[in-house]
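Here come two complexes built around chain A, the first alongside chain B, the second alongside chain C.
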Partner chain A sequence: MATIELINVEKKFGDVHAVKPMNLTVRDGEFVVLLGPSGCGKTTTLRMISGLEAVTGGQILLNGRDVTWERPSDRDIAFVFQFFALYSHMTARENIAFPLQAQGERREVVRQRVEDVSRLLRMEHVLDVRPGALSGGDQQRVALARALVRHPAAFLMDEPLGALDADFRETMRAEIKRLHIDQHATTVYVTHDQIEAMAMGDRIVVMSDADVQQVGTPAEVYHDPANLFVARFIGSPGMNLVPGRYVRGVLHLAEGATYKVPDAWAPSLDAATRGDGDLILGFRPEAATVGVDSAIPATVYATDLHGGYTMLHLELGNNTIIHARTTREAKYAINTPVRFDLDPAMVRFFDPATEAAIIPEVRA
Partner chain B sequence: MFGIDIPLPDFWVVYFFIFWVLVGSTAAPVVFRHKGHHPLIGIVVGAAVGALSGIAFTLLLAALQPLADLLDDPLASILVSIVVSAAIILALLAFVRRFVPESGGAGPRAVEAAGGPRAPVTYSARVDKVDPGWQSVQALRASVVIMLAGLTLIPVIWMAMTAFKSYPDAVASPPKVVFDPTLEGIVTLMTKRRNLDSAQIAEYEARDDLNWADRIMLKSGKAIIGQSDYVKRLRNSLIIAGTSTVLSVSMGLLAAYAFSRFRVPGEGDLLFFILSTRMLPPVVVTIPIFLMYRELGLYDTHLGLIALYTAFNLSFSVWLLKGFIDEIPKEYEEAALVDGYTRLQAFRRIVMPEAVTGIAATTVFCFIFAWNEYAFALMLTTDKARTAPPHIPSMIGSGVVEWAAIAAGSLFFLIPVVIVTFALRKYLLRGVTFGAIRQG
Partner chain C sequence: MSQANAQALSPQSAAAAPPRQRRQTSDRAIAWLFITPTIVLLVVMNIFPLFYSLYLSFNDYSVIGSEPPKWVALDNYEKILTSERQRYWHNFTVTGRYALLSVGLQLILGFGLAMLLREKFRGSGLITTLILIPMMLSPVVVGLFWKLIFDPSKGFFNYLIYTNPRGGAEWLSDPTLGLWSIVIVDVWMWSPFVMLLCLSGLSAIPDYLYEAAAIDRASAWFQFRRITLPQVMPLLLIAVLFRTIEAFKAFDVVMGLTGGGPGDTTETVAVRLYSEAFLGKFRTGESSALAYIVLIIIIAISNLYIRALNRAREG
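And now, the complex of A and B:
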């Protein structure tokens, strides 16, 4: 199918960067998710790849061919728009057939392909309906079918599931993923929903403020966030971030509590702080275990049951609230003092000045 | 017409008579259906009730004549008649509602509570809108609206009637509502004639190569000697209005698209400039245009009027269409561009069908303007390119005024506009629908 390469691609509207210089290589058959909060430049990036938006700088390569200044219609790319952009004056069938007609396919071929793709998406029964009368999910299917019918080199999808309700979103998510596996088509998929990104992406590109924050597999961005933004943005709730002062192997938290950093981390933290300095400790809720003789004291602020587990909100003093996961049987009254420990393999540290993660010299 | 001496023309008596019958026959069936009877009974009873009120109205008018004389104000008697007959029909309807017995055979009520409707309410409706009382009031309102709308149509209806009147009927006073329809007016409109003396009439009557039109004219002692100018004028109107409409809509569409989609330098100024051609009444420039046209050889040519009307309509069509095209999301075309279409193809296959409402509306307005335009057509044409609007009044001319012919001329003049508007009504009414652009 296709590889997509962005080399220092940037876009400015006036003097404002919508996308700062960006480098990205999407491998053949890969499913890459652009993830970021609203307005961070995801749509703009997709539009540049498709040629609907001229770049202000950089190069776009498709299969190694420089297409930076080629027309959209010459790039062999299918675009599923954020707002589906189905033509209201055509039936679903005509909408789907529309891209094929551009290629001057014979009528029987068009009909056959439209039928194939609608069978694949299980939407034969809505083919003769106009988009105005379709449900959100079916509109979604028509938009997908319109992209799929052409067998393009690459798919660009801009928040295609944003309009659907939670339940249906999950179904469609699985459907798109399934389609991707079957067709093995290079896909760049935009979303602002990090759960969707984790579930679907082979790799995730986390964006914020027009800039790429981190590129990595879902596990990488989850467990090893490159900076505080990614740590907060990924996961729900995001990573617990507790500021403290690091003095020779021990992190002094608020109100006299201390945390002895794992031995494996000590050398790199010593190097980063030169033995004595401020740090931010980061850990996921599932890294904390509440126990009787554990190290760090806290008080229960609130608890909520999430079905399979209980989320504890613990107050560390200084109004710092952290989240910890416990079993669903666990019951804690509000304001009870508790103590908790951290899994040494799952703690991370950040430099408060640069906001970047501190890279361990030897990973524990 | 009823042989009653009344201060209103017959026409108005007929009008109010129809009005009350309409009110009765729309309001009463609601009550009857509610009580489990066949609504047809309601229509018959309602029409009878309405007719009673109509008769009451007529009698009142006649009876009030002395009063009107006394007050020296005919309007008072008319108003009193209307109010009293309205009170009569309302009382009758109330009586019907109160005393029509419930039908026994219709089975139990669908909804058992008192005052519930007969049939289950299987459509979306608020409770108070299902109430039969409210529904009959609604029927009453609808009748009033229909009759008011009818009132505005009366000049047109009157014109249509006059077109089919003979000369004596057309000039009869008081005007006649009931008359023998004849095609005399239409034949007069379409032909040139010459008067015959009695010997010639006898000679003509003996001939057997006369068609129906000749015979009609012969009745009033005339012979047809050729086609009148009217047909030519109407054809000119069609050519000029049609061509200029097509031109101004298609050029306006392209300009509006460019303004809407591309970065046009000085866009705001240009749009203002385009609109500024509308800022003074066109008639102001008739003299300069007349002089210009004479110099350019455009005087009394089709091209001249087409160019002029197109120029005037263009500002209007650009502005109107720009609004409609702005409403079409640019993603619609972008989707087509990505799928391998050129911009022109995307324009033809996506933008035009999506803007069809706007195109239809613009077409109707442009056509009506060009079709009805009078002042320029009068100033800039004499014969070859003269259109119908300046021609129809000129038929009044001297001597006998052929009212029937003039009415027929106006009637035919109306038809193309009605056809165009009617043909496009589906698009005019459809409103702007947006397909699957999702909301936020």
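And now, the complex of A and C:
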């Protein structure tokens, strides 16, 4: 069991930052997800923690011990690679036994541990098959088993479900989560799939452009995104973002529409804009309720039925489309004018210049 | 040609417009046109001699004699395997020892060089090319200049290895050193080939296997034994196969260096075959039989290797 601490860890390839100075503390037994679009430095971060990549600055502490310049083998960390990296010339059994044999474990111990871990992952029937002949899911299991068998202090997983079919991912996602709960092992998990991140992480580290955008629980990054990037990136669809001009408690949206900001927000918005300035209003689709005498006018642009609910696409004028969630029964013809209200507890505001969220002085 | 192609590419359009009867070569005819010369050459140069020599191996015949081939059934084979077997057996043991020594040393040296040149460094490309030079030389040339190198009075080989300060070893005329000198030259010439194969095998091992092994806390030696070696094994076996077959045919370098001497201490099967077939008596029938025995042995050895190769690939 272990804690992992990154202190100003950075990686440059030539003059380009793959990871800008980054600070992160992973607590013992925590499941932390690194989430971000392709190329944002997730793999590089993981490789630095594992020791496969040397840092160009900063310090990495494992259980408080400085391991920045230690070899991967001295860090007692297991790594599940993005494309599994199985030993192609060995059977599944030999693959799983490899880390134990490398430590010179006794034959019976190796046999016993391989059996235990393969029972845990329900993969006894594929033990004598080579990786090339295994399905993606079974290769995934071998990779996990090889990581688990050694009882390492921490797990690093690089998009372990990326190579799997959509429906199988859900199963494996649950399996990994379950394993984590059973083993209570500190885990850093990389993905670019925000649904996966929300479902699995105790905390999520949202990354973009080699930089950490926000660190928080799934609820925090969903409800209180630190900036416009996180607001757009988390959720499907992302947060609705509507630009407007704030003048003393009222936000003027496109085409004369206005939105009276909740009283609790007024002081902080006054402070942020000095009473008069541009703002971006943000709210989740489920924060909007369509009603007859609601405040904000819009026209129905399109509707999709999503099984349990209907997603309304509403046009606010100025080509701003927002998404609103309504009940399954609600039916709206295209181009119908409608009005909607926002749940005052679920609106957020962003500064268009800095793209950062405006922090309310006192949270209502 | 282009018309034939167009037809092949779009059968629908050809069907839509009824084909006009025109003189044109079909794809099939063109295919035959290309293949026929090759087949003719193959039959004349390879297949006919193969079967004619098989036929001759059952006859008493000499190409310089005036008599036509006389059918003697298995007499030639019997002679080689029974009445004259002592000297032939000697030829086979010489060949076997030579094959074992030179292939073994080539493997060690070639694989070692490949491991050294595996990491790219400044000038590694140049060094690789330089090492490959011996392989590209003509064996006769190699035989001739190594004869000079081995020369006890003029050559610098003894000087290099500091044998006996008063009068060096007589490499080519010493009964035990004779075979070794051929082995040395063969190793010098063909280790680069093994190295080349090993290099391509090593460079095909993906880096992530070593990264996984580093994470799995495998020592360098454990990585070598459990990853590097098994991964290059198929190519290593191919190298062994090629070099063993070549060693069984060892002729040019032997002729260039020792001519089979001193006495018959370095007389390989191929050299013996040559002297039976073309020197003195021109014993065509008997030498054909010997050639077939060698062929069978080579096929048998190749089969063993190929089986080992398949095992290495499939496990």
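Rule of thumb we're sticking to: the second predicted complex is superposed on the first by the 364 of 364 C-alpha atoms of A that agree within 3 Å, B and C clash if a C-alpha of one lies under 4 Å from a C-alpha of the other, contacts with A are read in each partner's own complex, and residues count from 1 in each chain.
Please note the rule applied: a residue touches a chain if its C-beta (ideal position, glycine included) is under 8 Å from a C-beta of that chain, and two chains touch if they have at least 3 such contacts.
This one's a predicted model, so the numbers in the text were calculated from it and none came from an experiment.
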item	value
Combined model on chain A where chain B meets chain C, clash or fit	clash
Partner chain(s) touched by A:A54 [first = chain B, second = chain C, both, neither]	neither
Which superposed partner A:A345 touches (first chain B, second chain C, both, neither)	neither
Touching partner for A:A78 - first (chain B), second (chain C), both, neither	both
First (chain B), second (chain C), both or neither touched by A:V142	first
Touching partner for A:P99 - first (chain B), second (chain C), both, neither	both
Contacts of A:T91 with chain B and chain C, given as first, second, both or neither	second
Partner touching more residues of chain A, whether chain B or chain C	B
Which superposed partner A:R130 touches (first chain B, second chain C, both, neither)	both
Clash-bearing segment of chain B relative to chain C, given 39-47, 75-83 or 327-335	327-335
Contacts on chain A seen with chain B and repeated with chain C across the two complexes	50-52, 71-73, 77-79, 81, 83, 85-90, 98-99, 102-103, 130, 146, 150
Footprint of chain A on chain C - complex, ascending	206, 208-209, 211-219, 222, 226-227, 230-231, 315
Footprint of chain B on chain A - complex, ascending	50-52, 71-73, 75, 77-79, 81-90, 98-99, 102-103, 130-132, 134, 136, 139, 142-143, 146, 150, 162-163
List of chain B residues in touch with chain A within their complex	329, 331-332, 334-342, 345, 349-350, 353-354, 356, 433-438
Contact set on chain A toward chain C in their complex	50-52, 71-73, 77-79, 81, 83, 85-91, 98-99, 101-103, 130, 146, 150
